[in-house]
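The chains carry the letters A, B and C, assigned in the order they are written, with residues numbered from 1 in each.
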Amino acid sequence: MDEKIEKSLSRMKEEIAQFEPILAVLKAEPGEMGHLQSFPLEDLIGNHKRIIECVEQGKTFLASQYTNPVEILTAMDVPWYFTVQQQFSAGGTGGSPHTMEDLEEMDRLGIPSDCCTLLRLLLYYQVAGLLPIPTAYLALTEPCDGVTGLHAAFMNHPDWRDVPVFVPDPPYHDDVRAFDYYASELKGMVDFITKYTGKTMNMRRLKKVVEETNKGYALWLEYSDLRRAAPAPHSYAMPMSCFYILNTAGAGEPEVTQWYRDMVANAEMRIRENRPEVPNQKVRLLWYDIQPTYFSELVPWLEQEWGAVIAMDMVSYCPYELIDTSTEDTLFRGLAKRALLHGPMIHQAHGVVDNVIHDITRIVRDYKIDCVILPGHMGHKDMAASASIVRETCRDLGVPYLYIGLDVCDKRYTTLDQMKNKIAQFFTAMGLG
Amino acid sequence: METKIKSKAFKQFSEATKTLLNPVLQNWKDQGGKIVGYFCSTVPEELITAAGLIPLRMRATGSTSTERSDAFFSSINCSFARHCFNLALTGDFKFLDGVVCINSCDHVRRIYDNWIRFVPDTPFVEVMSLPRKTEPAQVAWYRDEINLLKGKLEKHFGVKISNKTLWKAIKLHNETRRLQKKLYELRKQERPPITGAETLAVMVAGTAMPKEQYNNMLRELLDELKGAKGPGGHRARLMIVGGILDDPEYVKVIEDQGGLVVTDSLCFGTRIMWVEVDESLSDPAEALAKYYVADRPSCPRFYGEHDNRAKYIVDMCREFKCDGVIGERLMFCDPWAVEHYMLGQDLKAAGIPMLKLDREYITGGIGQLRTRVQAFLETMGR
Amino acid sequence: MLVGGCDVGSATGKAVIMRNVEIISYEIIPSTTKPEVTARTVMDMALKKAGLSSISDLNYIVGTGYGRLKVPFANENISEITCHARGAQWLLPTVRTVVDIGGQDCKVMSLGDKGKVLEFVMNDRCAAGTGRFFEAMARVLDCGLQGLSELALQGKNPATISSQCSVFAESEVVTLVNEGKELSDIVAGLHASIASRLNSMVRKVGLVEDVVLTGGCAKNDGLAKALEEKLGMSVKKLPIDPQIVGAIGAALIAAERVSKQTMKSPV
């Protein structure tokens, strides 16, 4: 096969090779959480295989980012992959084997190191030819400058220059006028997809898909509610998978909904039987940022050393609303609102800072949080500019607040030792754990 | 700044770059006039003028520290945002009768959130929603935003902004643009009568004065410079590309190395005046929206326009016979970081040397700046 | 024809005197707080070594380095980037990538065929990878700069130093020492980390053979070896003290000014 094409599929193939043995073990000895843990892996492997097949057989497929409504893609039956998936999976699986070399190569691109590493890494993957070149792609300019810049650079790459791209334009406000505007942008997106894939939108199918994801979101919200219990039912990996599954390929399929049902069931059982995944819980944390790619080197330490669990996190606390599927208009407006306001990171970064204040206030109260951690990923400039607002909110709530300042992809920026020291000193000073 | 230019107007322009509340503005206030500050050159100044107010592009000139604002922002936030907000906290912006914020970038948009909470005595603080794309749907959206702001200005300041008054303001601002462009045309020649640093002073002053007065002063300056020739023998003719650069001293350090800045793509430069608002439309709000979103040379805040921007820069270089481009950006600015990354590749393909510089809002590190610029000129073989 | 090049750095001052494009003397001294004093002192010493009585014996002098604007007797000043490139290329005409590690900054230059600088990248904002950093480490480990280099070469399992900042790296080193790690491994790890950073800078301008190290830290064989490993190619040694390359370049440019022609390499 063409060398370039081979290279563009290499990471997906590697991940398949990496995850298939794990999947086999989980299937052979599922234990209590077996099905829950194997489903995301199966989903990922399945999608990778689908994309590989598209590339090898010259079929159309798209690339997209997670806030572009996945329901539309499922309803139009378009194979697609999530461009930032590599880094997100790394967070759950303990980091990709290529992280260090990828970071070093990324440094050589010459983009200033004060730009978000997540995005620079993604640009590196593109420049290095590690991303399959799609028929067309859906870009994003929300919620931050970094992602806009990244997509601008994406368009500029010689191999991607002629790949059609569409991006819905995000309004800054959060009112009906804004939702309607975005809804019309999303309709433009549908037209774009039809133009370049030949697939059309069937409103009945969209309705069905959205009804299904509605169920998924309702269950996810239910699951999040269960995390209020003390002790918290699960460790960090499963709760954080919740975001991933509803936002990737297959969203709107009944199997996905079933997974959430199983998550809820397991959580309920653990609470009923007082059998949390993490024993000896002493401190309930709010981790207010996305999960770093090296999270598996930090959280077990928190859990074992300090009995600190992540009772709630930014990615999981999203006020999803169920979409009214009665008409085309309500469907698109609902999807627009969801895309502008509800998705993780978008919800927190889009528009004014009120969402953040409101959320932290609710979470601290409802989840009986003992300590708010603002990891302060270096790419989140707007969040960094909200540091004082968050501090004041926490002071008003009477809850300890720790700002770390790290890079979710690059542990050279703030090392794990530095993070642990900071946390340890803070916990000690606050009499936690 | 030492200069050979004699006109009194230039002296006043220069003065305006060194202070926030320059004598002309102070005079305006003393006579009961009102001033509304705005962040980002995409806020339609014309609307503020039409309301009978003076639009003032927000700067943090004279700020010496970010002690107060650091508590609200963090060390990974842009120094421009931090310095501006620091001045807000120390009361240096008390003279403002209002501020219009906008989601121009992640750092500046949070100035709005912090301002409404922690600088409560500013009477009128609003935020606009600027689109990212530049297509007709976005022009329509911004037209609506402009009309919404118009309503708010009318209500708060007790004025009526008719289409007629708005057109009048547009014509006035277009005249400013025309005059400023004339100034730049003088720099196309081999021995421009005005330096880059001096030009920046003129452009910055244009955002800090009532436009009628400014236009008259600028005409006076143009009169003096007509037919004049500056010193020749520069090592290189340069173009500066970047975002918010409002300090002529920075350009002076660059020019002290022997190069001459003859043109630019800057917020206080050609981007705000190279193109005019289309006066042939019937709806002035529509005309403004079209200008700010679609017609004017864009900055990397806008998506999908990189090719146009690159062409604009290359064409400008050819028109002004530039030997090289200096791309500057404030630290922590993502849009310009990526833009310069791409520009570096485009300019290389066009055979135009480029130097990328990072800076802080308040000019410092002059030794380092000198070394880089000097080395750049030397590598161009000049 | 007698010319001089004077490189006034933050840590050291260097002077080179050339007669008819041959080096007849050079001197390196620690910098004083006043660049003009450093310049005068080092130049006087070089003149004395060359058997010359006064600075007016020289036809032309070029100043360079961080203090180049304060060299009172210089006819002209040129950036250290151009000077290092020129000096390196004269000493080794096949050089295409120059990595200069000075007292307070480090830079990488990419050269064209005729020694022209095509691109350069500088780190003058932090001490990591500069002379200051190595001095600090030598102090912490109480082994002197030569000792540091020797230890680096002995390290068999270089420790991982993850801090990007030299101040934090120092803490990391102290921690590792307390944990009982082999000193040679720690030092090797430090060098690997600096080499990594330099590698990153090199890649930004593009790695083209031959590569040379200039500046005071180029005398650190441990660093040269670590850099070779990262670059995947050998770093060529220059036939003279690498610390004076900038001053050589300055003297060469001085000679060119006098004779109005490009100076050929002695090789």
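Simple rule for what comes next: a contact is a pair of C-beta atoms (placed from the backbone, for glycine too) under 8 Å apart; a residue touches a chain by one contact, two chains touch by 3 or more.
A quick note: this is a predicted structure, and the numbers were derived from the prediction, not measured.
Peer 1: Tell me, please, which chain's centre (mean of its C-alpha atoms) is farthest from the centre of chain C?
Peer 2: A
Peer 1: Give the chain pair, either A-B or B-C, that is connected by more C-beta contacts.
Peer 2: A-B
Peer 1: How big is the gap, in whole Å, between where the Cα atoms of chain A centre and where those of chain C centre?
Peer 2: 47
Peer 1: Between chain B and chain C, what distance separates the C-alpha centroids? Give it in angstrom.
Peer 2: The mean C-alpha positions of chain B and chain C differ by 41 Å.
Peer 1: Hey, how far is the Cα centre of chain A from the one of chain B, in Å?
Peer 2: Computed from C-alpha means, the inter-chain centre distance equals 37 Å.
Peer 1: What positions in chain B touch 2 or more of the other chains?
Peer 2: Not one residue in chain B touches at least two other chains.
Peer 1: Where does chain A touch two or more other chains at once, residue-wise?
Peer 2: 110, in rising order.
Peer 1: Taking the complex as given, what residues does chain B use to touch chain A?
Peer 2: Those in contact with chain A are residues 71-78, 81, 103, 105-107, 109-114, 117-118, 127-133, 135, 137-138, 141, 144, 300-301, 303-304, 306, 329, 331-335, 337-339, 341-342, 344-345, 358.
Peer 1: Please output the residues of chain C touching chain B within their complex, sorted ascending.
Peer 2: Per the stated touch rule, the residues are 66, 78-82, 116-120, 122, 124-125.
Peer 1: In their complex, what parts of chain C are in touch with chain A?
Peer 2: Result: residues 162-164, 168, 172, 175, 196, 199-200, 203-204 of chain C touch chain A.
Peer 1: Which positions of chain A touch chain B when the two form their complex?
Peer 2: 109-112, 114-116, 139, 141, 144-146, 148-153, 155-156, 167, 169-173, 177-178, 181, 184-185, 188, 349, 351-354, 376, 378, 381-382, 384-389, 403, 405
Peer 1: List the residues on chain B that touch chain C in their complex, please.
Peer 2: 367-368, 371-372, 374-375, 378-379, 381
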